[in-house]
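Worksheet: one structure, shown below.
Order of writing sets the chain letters: A, B, C and D. Residues in each chain are counted from 1.
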């Protein structure tokens, strides 16, 4: 199974990820992509931008383990994770998860599980700029619930 | 809610779809994309290519109704469907479904439901070239089961 | 009225479209008995051994659906898109 | 041994990294009692009112986990990526 895990300041391209999965992981019939983008509001306050930091080394390892877990559950051809760090504006891409599989149901499930686990199990932190200054984003229990639902 | 439904010979771009959804449907936090591609084998036979035909007019109407149904079930910002027709080679893109929503779970569910309904409820037909000549692809009961599972 | 054929059924019929003059409204099932393949079999006979779907004015219907003298009717195999 | 801080906790600590010389292996919980914030409070006291996660050698652990004299330990708030 092909895999690629990248943490980078630069933006990413879905078309490039599609081409990479096709080239590296054989002719899979179904490819699922998820992209998270910076919203312009959160908790009823305008958000002017986001600063993202991570724990270098540990984060890559966690993402690798998350992809392992997806590959254990479903037959995948390839999986890619790209997560941006640094300063981002509303509308900017934050994260890309891309999965290729023979069957579309497996591509959807694996892509969603990787996203759900990434939200709660990878050492990234977001700080958002709001009219009053800055605030660190707090973890949400709904994300925790989504991640643990995969173990039910 | 923004929507776009296209049936075309030309290939599509996921990056263009991402940009279109962001521009037309506001700053959604979660965007899910599914791409189906031509495989190089089916039922243990090598597939050299695919010919796709559709029922002009009716197909667009069905896709529109499928998007209606997704929009009824989930709060979506935008939904796009692009389906190619004509002659395609192994590895070529066939279909793109792209959905933007505030919450990632809704984007995943809506994207998968649209794909499942499209498979069984839109008037497209595939003919594949195999070593012996050509054969029309037969509908699969597993696709029917996936589509009806959304009503459970 | 116009009758359209798609995919494998278009090839079996040897054409994509025929015109039928109906004197009065009828059912999809009755229309199937009026349409003959090049080998002389009726579409109705064929539909006993293979699955044939029907649409009237671009809506999926069953054999009991009514066909008006100005309807667009289509017959085709189960769909295989995506 | 090296102790790292991330995100809000890095800002509270006023630094991203400190060096601590351990004479013998200890637990994450004991280490938290040794680390003081600029205001004099221990990390252990802070962790009673706000959630602080810990990693030893880049694996998530709880307070009972052992820390060797050469470990890389990190403390940080709950994660918010994606």
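Simple rule for what comes next: contacts are C-beta pairs under 8 Å (C-beta built on N, C-alpha and C of every residue); 3 or more make two chains touch, one makes a residue touch a chain.
What you are looking at is a predicted structure, and each value in this text was computed from that prediction instead of being measured.
Novice: Leaving subunit A out, group the remaining chains by who still touches whom.
Specialist: B, C | D
Novice: Which whole number of Å gives the spacing of the CA centres of subunit A and subunit B?
Specialist: One centre to the other, that is 23 Å.
Novice: Round to the nearest whole Å and give the separation of the Cα centres of subunit B and subunit C.
Specialist: One centre to the other, that is 26 Å.
Novice: How many angstrom lie between the CA centroids of subunit A and subunit C, rounded to a whole number?
Specialist: That gives a centre separation of 49 Å.
Novice: Name the residues of subunit A that each touch 2 or more other chains.
Specialist: 36, 115
Novice: Which subunit C residues sit where two or more other chains touch them?
Specialist: none
Novice: Show me, using the given definition of touch, all chain pairs that touch one another.
Specialist: The complete list of chain pairs in contact reads A-B, A-D, B-C.
Novice: Flag every residue of subunit C that touches subunit B in the complex, lowest number first.
Specialist: 4, 6-8, 51, 55, 58, 74, 76-82
Novice: Please name which positions on subunit B make contact with subunit A in the complex.
Specialist: Answer in residue numbers: 13-15, 18, 22, 27-40, 90-91, 93, 102, 104-105, 107-108, 111-112, 115, 146.
Novice: If we count contacts the way the header does, which residues on subunit B are in touch with subunit C in the complex?
Specialist: 36, 52-55, 57-58, 61, 83, 94-95, 115, 118-127, 136-139
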